[in-house]
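The structure appears below as C-alpha cells.
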Amino acid sequence: MAGNSFGQLFRITTFGESHGEAIGVIIDGCPAGLPVDLDYIQGELDKRKPGQSKITTQRKEADTVKILSGTFEGKTTGTPIAMVIPNEDQRSKDYGHNVDVFRPSHADYTYQTKYGIRDHRGGGRSSARETAARVAAGALAKLLLKTQGIEIIAHVSSVGKIEAPNVSINNADEFIAEREKNIVRCADPATATEMIDFIDSVRKNGDTVGGKVSCYVKNCPVGLGEPVFDKLHADLGKAMLSINAVHGFEFGSGFSGSGMLGSEHNDVFIKNADGSVTTRTNYSGGIQGGISNGMPIEFKVAFKPVATIMHNQQTIDSQGNEAEISGKGRHDPCVVPRAVPIVEAMAALVLADHWLRNRNAKL
Amino acid sequence: MAGNSFGQLFRITTFGESHGEAIGVIIDGCPAGLPVDLDYIQGELDKRKPGQSKITTQRKEADTVKILSGTFEGKTTGTPIAMVIPNEDQRSKDYGHNVDVFRPSHADYTYQTKYGIRDHRGGGRSSARETAARVAAGALAKLLLKTQGIEIIAHVSSVGKIEAPNVSINNADEFIAEREKNIVRCADPATATEMIDFIDSVRKNGDTVGGKVSCYVKNCPVGLGEPVFDKLHADLGKAMLSINAVHGFEFGSGFSGSGMLGSEHNDVFIKNADGSVTTRTNYSGGIQGGISNGMPIEFKVAFKPVATIMHNQQTIDSQGNEAEISGKGRHDPCVVPRAVPIVEAMAALVLADHWLRNRNAKL
Amino acid sequence: MAGNSFGQLFRITTFGESHGEAIGVIIDGCPAGLPVDLDYIQGELDKRKPGQSKITTQRKEADTVKILSGTFEGKTTGTPIAMVIPNEDQRSKDYGHNVDVFRPSHADYTYQTKYGIRDHRGGGRSSARETAARVAAGALAKLLLKTQGIEIIAHVSSVGKIEAPNVSINNADEFIAEREKNIVRCADPATATEMIDFIDSVRKNGDTVGGKVSCYVKNCPVGLGEPVFDKLHADLGKAMLSINAVHGFEFGSGFSGSGMLGSEHNDVFIKNADGSVTTRTNYSGGIQGGISNGMPIEFKVAFKPVATIMHNQQTIDSQGNEAEISGKGRHDPCVVPRAVPIVEAMAALVLADHWLRNRNAKL
Amino acid sequence: MAGNSFGQLFRITTFGESHGEAIGVIIDGCPAGLPVDLDYIQGELDKRKPGQSKITTQRKEADTVKILSGTFEGKTTGTPIAMVIPNEDQRSKDYGHNVDVFRPSHADYTYQTKYGIRDHRGGGRSSARETAARVAAGALAKLLLKTQGIEIIAHVSSVGKIEAPNVSINNADEFIAEREKNIVRCADPATATEMIDFIDSVRKNGDTVGGKVSCYVKNCPVGLGEPVFDKLHADLGKAMLSINAVHGFEFGSGFSGSGMLGSEHNDVFIKNADGSVTTRTNYSGGIQGGISNGMPIEFKVAFKPVATIMHNQQTIDSQGNEAEISGKGRHDPCVVPRAVPIVEAMAALVLADHWLRNRNAKL
C-alpha cells in the first residue's frame, strides 16, 4: 500500500535509501525451476552503475549484488528471492547543505511535508539509486522471459533536441551490440556521436539535459494483458512513469496518433505465406484492446533533465525562509544512458507478470 | 487479478458487456458519512452518454444509474456501493457481421486468441461502454474530493492537428461553463468551432479522427502520492492509459521536457506574501518525486482515432482466411468530446485513493 | 481494503444489505470456457434460503439469482461475472425497535461506533443475508473444481451438545443424499432425528443453540496452498471465520492434536499396490506445510448460538442509556443447517483460488 | 501472490531459508515518526531464539537483527524497513539424510511435488526459522500499538493434556513478569512446573508433545476490523493458522460456544458508573460482527506435536520406494514456549494493520 511493491504474480518489493546500509529487493512469485545466471544479473547492473564514462556521474560504486534466498543449486525454488546491494561510496557530507534547504525540482519539499521527517542524504529513498534494485529484479524477469523466447531491447532515441532515426530491430543481438559500442547507448552510431558531444558540452556548463528511451518487445505471444484496467500498455506506462525523472509515455502511434485519421491509422490484418497473422502497419504498437497481438511492442519514454545543476539557484528552507543553493556532489549531466537498463528491467517485470497471469486466462 | 479492479483504498470493480443485461461497478472503501448527490452522478453520466450531438454516435441510451447498496438516508455507510446501469438500445444485429471476422485495430482478434471465446456483440467487454461504470464511480470520488476542496477539470485541447491555446484554469466553474457551451467540450470557443467543423467533415467521409484531452487538478494538498512505484503521476498515467483508445500520457513538461536543459526546467521555490510556498514555473506539473507539491496538477492524454470507419477494409476471419469488412452500426467520429468526463472520473479515482492513503503517512 | 473482497486469483467482491434493493457478487478471475449450470447455482442457493423447514426462520425469500455479465452462450468468457439476488420479503418494520437500541451480541454497537452511521434494518450489511452472495459465487467455484474431479462435502456434525459419530466420506454422492434426507443436514440419520427434536424444543422456548459443521475436500491434488502466510488451511480458516457466528476452526487433529505425542500424531507415508502414495493416518487433515498432500482435507467449524432470542434482555441505547430489548422478526433457532452450503461455498472459493495459483508454481 | 506477504496497510514480506545466507523481512506501510527501539525488537527475538533452556532445541543462534533501511535518526521515515537476521549455526550435514527421504508429517513431500525442487537443508523455507522474521516485524507493530496504549500478551495455557487455570490479565506487566519467571512461559507458576516436568520426560523418550497458547489484546479501541471477509477474528485466525504446527484457532467462547444456548451466550451491554460501555460477559471475545467492541480480545491457538522425533519411522523416498528414517539434529520437544512471542507478533501485525485501516472508516 505504501507503494514499494510492483507486479501481481511476479511481484517485487524494493527497499533502501541512497546512503543507508544497503538497497535491495524481494521477488515473490518467480516459478520454481528457473536457472539463475548471476553473471547476467550483475552484467545488467553494470550497465546502470555510476562512473561508467565521462558523460555519467563520477561516483564509483561496484553495485555488487548478492542473493540471500530463494535459489538452490543454481535454480529458483518457488520461494522469495532476496537480493541485496550494499551501499559503498557514500559521501554523505556532500549533502550536508541539503539538511534544511529544499533543492528545486527535487523531492525534498514533498517528502518533508508528507512524512514530517526525511533522510536527506543523497535524496534518501527518492534517489534514483533505488532503481538498481529494479534492474536486479528485472534481470531475473528477463531470464524468465528468455525461456519463452521473449526479448526486450531499448536504446536512447533522443537527447535534448537530437533525435535518432528509426533503427532496425530485426536482430536483437545486433541492436544491443551496436548500442553498447558507444557510451550514450544509442543504436545509431552517427547520432550517438552527436549526442555524446552535446552532453559533454552541457556537462561543462554545469547544466543537464533530458532525453528519450525507445523500447521494443520482440516475440511476445498473443494474449498478454488484461482487458480493462490492467491493459498491457497501462501497466507498461505505470512502470515507466514510476522511474525517476520520467514525464511521458506513449506506445504505438502515441501522441502523433491523435492527429491521424482512422483510415490512416488502422492496422490491417494480413495472412502470411507461412499461415501466420500479422498487421500491415503497427500503429497499435503490438497491443490491441490492452492485449498483445503478436506484433513487436513499441513504446517511448520521456525523461526530464536532471534537477541537480552546478548553478546557484534561489529556493527556500524548511522554515520557509528564502535561501540559495548550488549543486554539489557528483551527478549525471543526462540520465538516459544509464536509464536504458532500467527501462528494459521495468518492461521485463511487466511482461513476466502478465505472462504468468495469462496462464490462467483459459480453463 | 483479472484486471477489472482499480485503486487500493478507494477501490472499484466494474463488470458488464456492451450488449448484456447491464453494466455496473462496486466501490469498496468509500468512507462513511459522505452525502451522495445522485443527481450529480447522473449528470456526469449524461456528459458521457451517446447521442448528445451531431458529432457523437447516434445511439440513444439513457444510461440511468441505480444505487443498489451502501447508502442509507442519503449518506454512505462504509459498506460497498453497487451502481448498475441497464443496457437498453442494443441493436445486436448490427454486429452479426463481426461474429467471425476480426475488425482491424479492434480487440476482436486478441480477445478471441486469449480466451478462446468472446461476446462479439458490440465489442462485448472491450466496448467503451464499460467506461460508463467508471464515470459513475468517479462522480462519487469527485464528491469525496469536493469535501476537501479538490477540483478536477478537463477539456478537449486538440482534435486531429487542431490545437487549442492555453486556457486559464484560475476559475474552475468558469472553465467548465465555457467548455459546456460547445459540443466538442473545448474551453476555447474559437478553437471549438474549428474542431466541430473538422469532425463533421470527417464524419461525412465515413472516417474518424483522434485528439487530446488536457486535465487539471486544483487545490490538491501537498503529500498525495507514494514514493516509488505508486507515484501520483504513475497512477494517473495508468488510469488514463486504461481508457479505451488512449495511446499516450504526459504530465508537466511532458515529452517537450525531454528537449530542455535543467537550468530552464527547474521550478524555483518562492515564498509568497501570505506565507504560502509555490514554484515560479510548473514544469513539474504539480508533482515532485511522485508526490503532489501543492501546485496545479497538469497532464495530457492522447486518443487515437476510433477504429470503426465506414470504409471497406481488408482483414481475416477466425479461420485465418482473407475477408473484407465495412463498419456498420452507429459510432463516434471522434471520441474526445465524450472522453472528457471519463478522464475526469479516472483522475478523481486516483486522487481519492491517494487522499485516503496519505492519511496514514504519519503517525 | 474495506474487506468486501475474498480470494486472489478467483476473487469475489460482495455487496448489499439485508433490506436494500439487492445483494450480489462480482467474480473476477474465473477462467474462460467454463460451462455455467445456472440450475446448479440456484440449487445451492435453495439450500441456504430461509423458510425451508420448521427449524429455520419462517421468512420466505425466493433468492432467485440472475447473472448480469461474464457469460456468453452458456460459458464463462474470462470477464467479470456479476450475479444479483433481489431482496424481497423485507419486513423492515420488524426492525423499527433497533434504530436506537443495541442488540446484545449483534454488530449494532460496533458498526455504529466504527462508522457513525448504519443501516439498522435487519442488521444491514452485518446480516447473514450477505452469505447468499457467497453461496452463488461458491457454486461457480464448485463447477470449476468439478472439472478437476475435486469435490467438497459438508454436514452438521453437532448441535448443542449432541455430536454425530464419524460418517463415511468414501462416496460423496451418498453422503450428500443421506444428508439431504433430513432438515438438519446431518449425514447420520439417528443423530439427525435427535438434533431436530432438540432444535425444535429450543425454538419453542424462544431460545437458540450453536453447533458445528464438518467439511471434507476429496480428490484434491497434491500441491495446493502457498508455503508461508497463505497456507491452504490458513486461507480455509480465514474463509470459515469470516462466516457470521463462527467462533472456531480446526483441521486434521485440531485442538485434540495439541494433547498428543509426536509418535502418535505423525502420519506415516505408505506406498500402495497401485503405486500411489498415501499416509496411514490423517492427523494432518490432508495438508502438510500448508500444502495439500493428496489425502482428504478435513476441517471443522464451530458456530455460536444465534444472538436474536425471543426473551427480554437488558441493553443500552445509542445515547448510552439503559434499555430493554426483546427479539422480534423471524429468526433461526439454530444456524448450522443453513450454514452447510455456506461452508461448502467458502471452501470451494479457497480451493478454486489455490488451484489457479498453483498453476504457476513451476516454470 | 506466492504467499510470502501478510497484511494490507502494515504489510510484511518475509524471505529466507533455514540454511541459506540469512532470513529477513520488509515492512511496508509503517507510518513515519515512530521511534524504533532496537533493543526491544532484539528482546522479542531473544524470546523466540533456540537454545534458551533444557526444554527447547539445543541449537545456538544469536539471531541478531540488523535494520538496513527505513529509519533515520531513530525514527521511521515512512519508507520500507528491511530487517535481516543472518543464519549462523547451520549444521547442514545433519540433514544429509533428508535429501531423498520424506520425513513423516513434514513438508518435504508436498514441497517436492509442488515445486519439483526444494532446499532440503533444515526444511528450507518450511522451517519455523522463518518465524524469526515475523517476530522482528511484530515487535515493530507492537511499538506502534503501544503509542495507542494497545497491549498484546500471551502465555502457554496447555501442554499435552495439562491445562492451566484462567489467569488474571488485569495487569499486563505482572502477567508477563510471571510468565517469564519459568522456561515454559505459563503465567500460572504451579502449572508451569508440571508442564516443564512433562516436557522433560517426553524429551528423554525422544518424543514430542503439542500444546496451546492463549492470547489477549488489552485496550483495543472499538472499531477495528472490517465487516465481511476481513473480520478482525478472521484475520487473527489466518495469522495464527499460518504459524508452523498450528492446527486450530478459537476466540471468545470458541468451540465450547457451539454447545451453548443463546440465552446463556449473549453478552449483555452495561453502562458503567464512569459512562463507559462494557459487556457483562465476554463470550464474544472482544469482537462483534468482526469488529472490536472495546472488551479484551481473547483467543486460543492449538499446536500439534513437533514432527521430528528421535524414533525410527517407516516412510518413502523420492522414488516412491519404502524407506526408514530417524530424527537427527537438535529439535524442540515442545514448540509452545518459543511460540509465545510468535503468537504475540502475529497478533500485533493484525492489530496494527486494522488500526491503520480503521483510520479511513469515516470521512
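Side notes on the structure shown:
Each chain gets a letter, A, B, C and D, in the order it is written, and its residues are counted from 1.
Basically, a contact is a pair of C-beta atoms (placed from the backbone, for glycine too) under 8 Å apart; a residue touches a chain by one contact, two chains touch by 3 or more.
Since the model is a prediction, treat every value here as computed from it, not as a measurement.
Among the other chains, the CA centroid farthest from that of chain B is the one of D.
In terms of C-beta pairs in contact, A-B outnumbers the other of A-B and A-C.
In this assembly, the C-alpha centroid of chain A lies 46 Å from the C-alpha centroid of chain C. Centres computed as Cα averages put chain A at a distance of 26 Å from chain B.
Across the assembly, chain A contributes residues 1-2, 4-5, 8-9, 14, 29, 32-33, 78-79, 114-116, 125, 227, 360-362 that each touch 2 or more other chains.
Note for the complex: chain B touches chain D at residues 1, 9, 29, 31-34, 78-79, 144, 147, 227, 356, 359-363. Across the complex, chain B is touched by residues 1-2, 4-5, 8-9, 11, 13-17, 20-24, 26, 28-29, 32-33, 66-70, 72-73, 75, 77-82, 84, 114-119, 124-125 of chain C.
Put simply, chain D touches chain C in their complex at residues 1-6, 8-9, 14, 102, 104-107, 109-111, 113-116, 125-126, 130, 158, 160-161, 202, 207-212, 222-223, 225-231, 233-235, 237-239, 241-242, 247-255, 257-271, 275, 277, 279, 283-285, 288-293, 302-309, 311, 313-316, 320-322, 357-358, 360-362.
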